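Here subunit A shows up in two complexes: once beside subunit B, once beside subunit C.
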Partner chain A sequence: MALSGNDGRRSLLPGAAAVVLVTVFLIVLLRVENQKAIIALLALGIGAVIAANRLGLLKPVARSFSEREDALGLLAIGATLAIGAVFHEDHFVLLLVCTVVLYTVATLGLSVQFGYAGVLNFAGASFFGIGAYAAAVLNQHTAIPHLLVLLIGGLMAALAGSLLLLPVLRTRGHYAAVVTIAFALLFKTFLEVNDVLGGPQGLQVRGMTILGWSFNENIEIGGIELSFYLNYFAMSMMILVLAFVVVRRLERSWIGLNLDALRLDETAAGCFGLNIVRWKVTAFLLGNFLIGVAGTLHGMVVGFVQPNNYTFADSLVLVSILLLGGIGNPWGVAVATVIVVIVPEKLQVIQEYRFLLYAALVVVVLLFRPEGLLPRPVRRYFSGWQP
Partner chain B sequence: MDLGLVAQYTMNGLMLGMMYALVAVGFTLFFGVLDVIKFSHGDVLTVGAFTALASFIGLQSIGLTSDAVELLAMLVAAIGAMALLGALIARAFILPLRSAPALNTLLITLMLGTVLREAVRLFYPDGANPKPFPRLLPADSINIGNFNLRLDNAILLTAGALVIVGLQLLLNRTKLGLAIRAVAQDEETAKTMGVNFNAIVLITFAIGSALAAFAGLINGLYYNEINFGIGLYLGVVGFSAAIIGGLGSIYGAILGGFLFAGLQTIGAVALPFASAYKDVFAFAVVIALMAWRPTGLIPEKLSERV
Partner chain C sequence: MTQNPAPREELPLVLEARGLTRRFGGVLALDRLDLDVARGEIVGLIGPNGSGKTTFFNVITGIYWADAGHVSFDGAEITRATPQAIYHAGVARTFQRSRLSLPLSIFDNIMIGNHKRLNQGLWFNLVRRQAFRAEFEHSFAEAQALVEVFDPPLARRMLEPVAGLPMIDRRRIEICRALISRPQLLLLDEPSAGMTHEETSQLMDDILEVRKRLEGLSIVIVEHEMGVIERITNRCVVLNFGRKIAAGTFAEIAADRMVQEAYLGLK
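Now for the complex of A and B:
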């Protein structure tokens, strides 16, 4: 770091304050049950963000995130763990937090495809489902260690993705969209009519066990009973941190630079000698792998899989998260996932209307803030460099 | 397999193909004038079908019982309302995003489609469940061996064919059609020749959406049931059909529509697996076709400008 200690601390402060405030807000939001109080809280949150934006308080936050990302990343991990600790015996909240974490992993995968390489994927939920079904089948019928199952689930999703490689590589624009959309419909229909995979009823998924440690039993330490979802929460967090680091490093490396060039102008990138096929394949398969791993663990967390959880509409929800957060910005994706997953669960009034609201929200975002809530910042080529 | 059954399957396939082709033609029209995919097209179809149903119920409640008058009223209501809705969507959501990346237009219309679909599901009375659609055409049938030709199906098929021929004439023989084709070919030149670009775009979207409403009506009369999901399915199928045919070509869209229906029929009856796999088969072939012909069977004639 080229920054002196004092300067560094000053640039860290706004980001740290933001993380702490958001964490406290989330804890209160998750704790409150009264519907009117929740509405008031959400209104307060939205109002606070708008006010902070008006007062110019968000600029320093963005700056400190771009300058001190590593430190703030650690702080964000600590904050998430703190949320887990506060709700250590609340099954429902922990399940919700696990879902947020795993959806974030999946949307990070999509972000590699859409945001960096510009490869369209409208079948995110299908690849998520491939992982979950892999977990169901492998945990039931084989004795493969469950950590390995996570890996295999991801690889299965990548493998299914590789079946689509030829059409994905050869088509462009709208023609490329139809390939993954057709796959999403094909996949759901296939699951529904295939009796081996349980048909429309789906399958049970056995919980995770690592070295005899069963994830589906509550933990008891010194007389305090902890929810078994804490196991899954810890596992999900590990995967999220790994995925986040990989995606961030990838973006900042020369591979990310190649992917950006490829997305912005394929022809020009080709003229400069970039291997277009290689990078598109890498991005598409890596993205599907991440989505698949997240899906595998999610299948084990939830305990059952059924075709209706992996429809085209669910794929669209994943894409909405991406757009809402800001395509290509991992932090934006994380924030958007929190909004999209938690708000409808807490606010029972809108539960029924959630697809309608997501869709309307994305329409509004596209019309008035097409770069998303937290747009991807300009690439920083050197530390301390300001565009 | 005996000839009567073959004829029966062919008839069903033609019926499906007609619906798919009508939807696909809409996609191709929109793509022609604006180079955009309007994904809410299928859901406009749903709203059209529900508009028709609502106007039927409205007419019943004021005591009208003549089938012909009811059918005519439903046709007018659905087509008129959807033409308006289509133009409105183009005006409010597609034209403002002209300078944005193509992905944004695709997404905004996808989401708009979700809004329409969910609105039908949530706000139409009991909209989450399938609704019976009235049987308004004469249901007499002629039996030839195993082949059972129903009069209403024959009427629907003829009506669909007439609409497509009419559209063809409109595009190729009228001044409006000339303007639409001019805008599709070269926007700038069309403008300098005095074509009102915005008006032509809105009219094209109105025509395409009217076709969707018509397809929705055919769908309702054929199956005698509609639900809020038909549009999503028909939209994706129609989009696939337009794509495998080749965007921007009316003939390609028609070809794609009948091809998809043909694939489904073959998948259901002629292949050695359960007929439930017919969609899996049809979509797999669509993906394979895209790998073989990345810009459709009848490609656009323009080369890429770098």
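Now for the complex of A and C:
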């Protein structure tokens, strides 16, 4: 049903205001170097969110996102591009932003697996790593176009994931999770002892080139020098938008419903014709594909791969992002990734303790807000649709 | 009071169970049970606690396999079929302990039951969003109309999660979930559990009302309240220790000595 112009503007406003405020906050946070100032900023941010929650300001924001998601999505893309523009010559910040964007893609993959199908995957970083190693090997030894390499990296992660399909399908609950942990540990060991893949030192990854356009060269437009990371930033954003749309549409379809149904009650779902195996496999492979694509591009962004980047601890970070953000809510995943990736980078005091901090954060969230920061709302098949 | 018990011989059989046996360890939950359901018939399945009523439903719907015996549905053998295949053949059920997906909306829960009538293709769902939207809106209207038969106010809350609803509404939604795919056979396992006398009576009226619209729907209902059984069934089957101890119209089985001892006497 069409909203009247006035209503439409009103429901758009809270969401738009939230996007703008968060963007401004992030720009300031990324700009500031002084550690005390950063601590003050973070305290301010946390305080503001708590206060907004108390004052009931977050409800209209949530409503606005559920009713005007398409418009707010465009705004969020614009805001992210604005961040890129502000830091157009800052290698460090742009690399960080690329990491946030690609981690978001990876956690969207996990979200399909765990949030929808209920398959807990503790080897997220391994599938991310498979993509990155695929980039290293293929860019070095073959002339495969790099866009295709992204696809192949994703497919290889999905293929490797299919090794786990049997246990994932056969066992229920925790056993499947244990199998993925075993995979994560084996994967790292496999990389370390594998000389072809560079052993513990890892491999260099050649940067991306598309139709002769080398991503690893700084861009010059009208005398202004732009960081080469802007290339990667643009590419990462495109992948994120695609992934977001796919995951969103998946949730808002009969397939999303199937996945919820089998997660919540396999027996009842089976009594209504649902093919459990088909949909679990679909979710698991699609999830790993997304993680793999993100990892492939990330490998090209950072320029090297080594076993230490794809450990079980990194997989845990991905899972903690999911728990923190709100299981099954893609917006929550995006917000949580921003927090988990950016805060430790900016706040050097906690760098060393960041795993401890993640653990504490997850415990706190599970205790006080078990559904995550942005709980998943009831399914709306089309944003703004009213009966 | 019984609603026109039709002369059975004329009606084709929808469900035919022969010699169904199911053991759980030492317990014989079903003991060589023969049970037929004719098209359009409402059969009451009664018996004391633990007499095998739910097990019968679980075996029919493929959740458990029978240790011995055969089941055929609409002329086709379904003894070893999967729950999925049995649903596709046209059997739908409710559960004794309500098994809705609580975080999902009323509409979502009903659509779970509509699985076979929805396009499940990846391409259709992800890419052809206009076509998907048409199917969605059509299904929404259909589900809403079905809920309306049971409770018009509930039909205006289709997008609310089931978790917050009282038991009677949950039971209604479970029945709608089973009916939305237009099955030929509906298995109701104590649909009125946890309801008051008036609510039960209301629910039964609603079920009869829906049945009028679904041509030839057969129902097997497990129900402890004898008034309900008397009012809505054409025929009853009485189980005890997994065995059929009596069958016939309610008046016939109510007069049966063995039934009185095994069941009615205890109640």
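The criterion applied here is as follows: the second predicted complex is superposed on the first by the 379 of 387 C-alpha atoms of A that agree within 3 Å, B and C clash if a C-alpha of one lies under 4 Å from a C-alpha of the other, contacts with A are read in each partner's own complex, and residues count from 1 in each chain.
Simple rule for what comes next: a contact is a pair of C-beta atoms (placed from the backbone, for glycine too) under 8 Å apart; a residue touches a chain by one contact, two chains touch by 3 or more.
In this text, all values refer to a predicted model and were calculated from it rather than measured experimentally.
In the superposition on chain A, A:Leu164 makes contact with subunit B only, while subunit C stays out of contact range. When the two structures are aligned on the shared chain, A:Ala134 is found in touch with neither subunit B nor subunit C. In the superposed model, A:Leu250 makes contact with subunit C only, not with subunit B.
When the two structures are aligned on the shared chain, A:Phe272 is found in touch with subunit C, with no touch to subunit B.
Looking at the shared chain after the overlay, A:Leu264 reaches subunit C, while subunit B stays out of its contact range. By the touch criterion stated above, A:Arg380 is placed in contact with subunit C alone, subunit B being left untouched.
Look at A:Ile339: by the touch rule set out above, it reaches neither subunit B nor subunit C. Between subunit B and subunit C, B contacts the larger number of subunit A residues.
When both complexes are aligned on chain A by C-alpha atoms, subunit A residues 267 touch subunit B in the first and subunit C in the second. Interface residues of subunit A facing subunit B in the complex, by the touch rule stated above, are 120, 164, 166-167, 170-175, 177-179, 181-183, 185-186, 189-190, 192-193, 267, 312-313, 316, 319-320, 323, 352-353, 355-356, 358-360, 362-363, 366-367, 370.
Listing the residues of subunit B that touch subunit A in their complex gives 31, 37, 93, 96-97, 100, 102-104, 106-108, 110-112, 114-115, 118-119, 122, 232, 236, 239-240, 243, 247, 274, 276-277, 279-280, 283-284, 286-288, 290-291, 294-296, 304, 306.
Interface residues of subunit C facing subunit A in the complex, by the touch rule stated above, are 61, 63, 82-84, 87-88, 92-93, 95, 99, 101-105, 108, 111-113, 115-116, 118-120, 122, 125-126, 129, 132-133, 136, 140, 144, 156, 158-161, 177, 181.
Across the complex, subunit C is touched by residues 246, 249-250, 253-255, 257-258, 260-261, 264-265, 267-275, 282, 378-382, 387 of subunit A.
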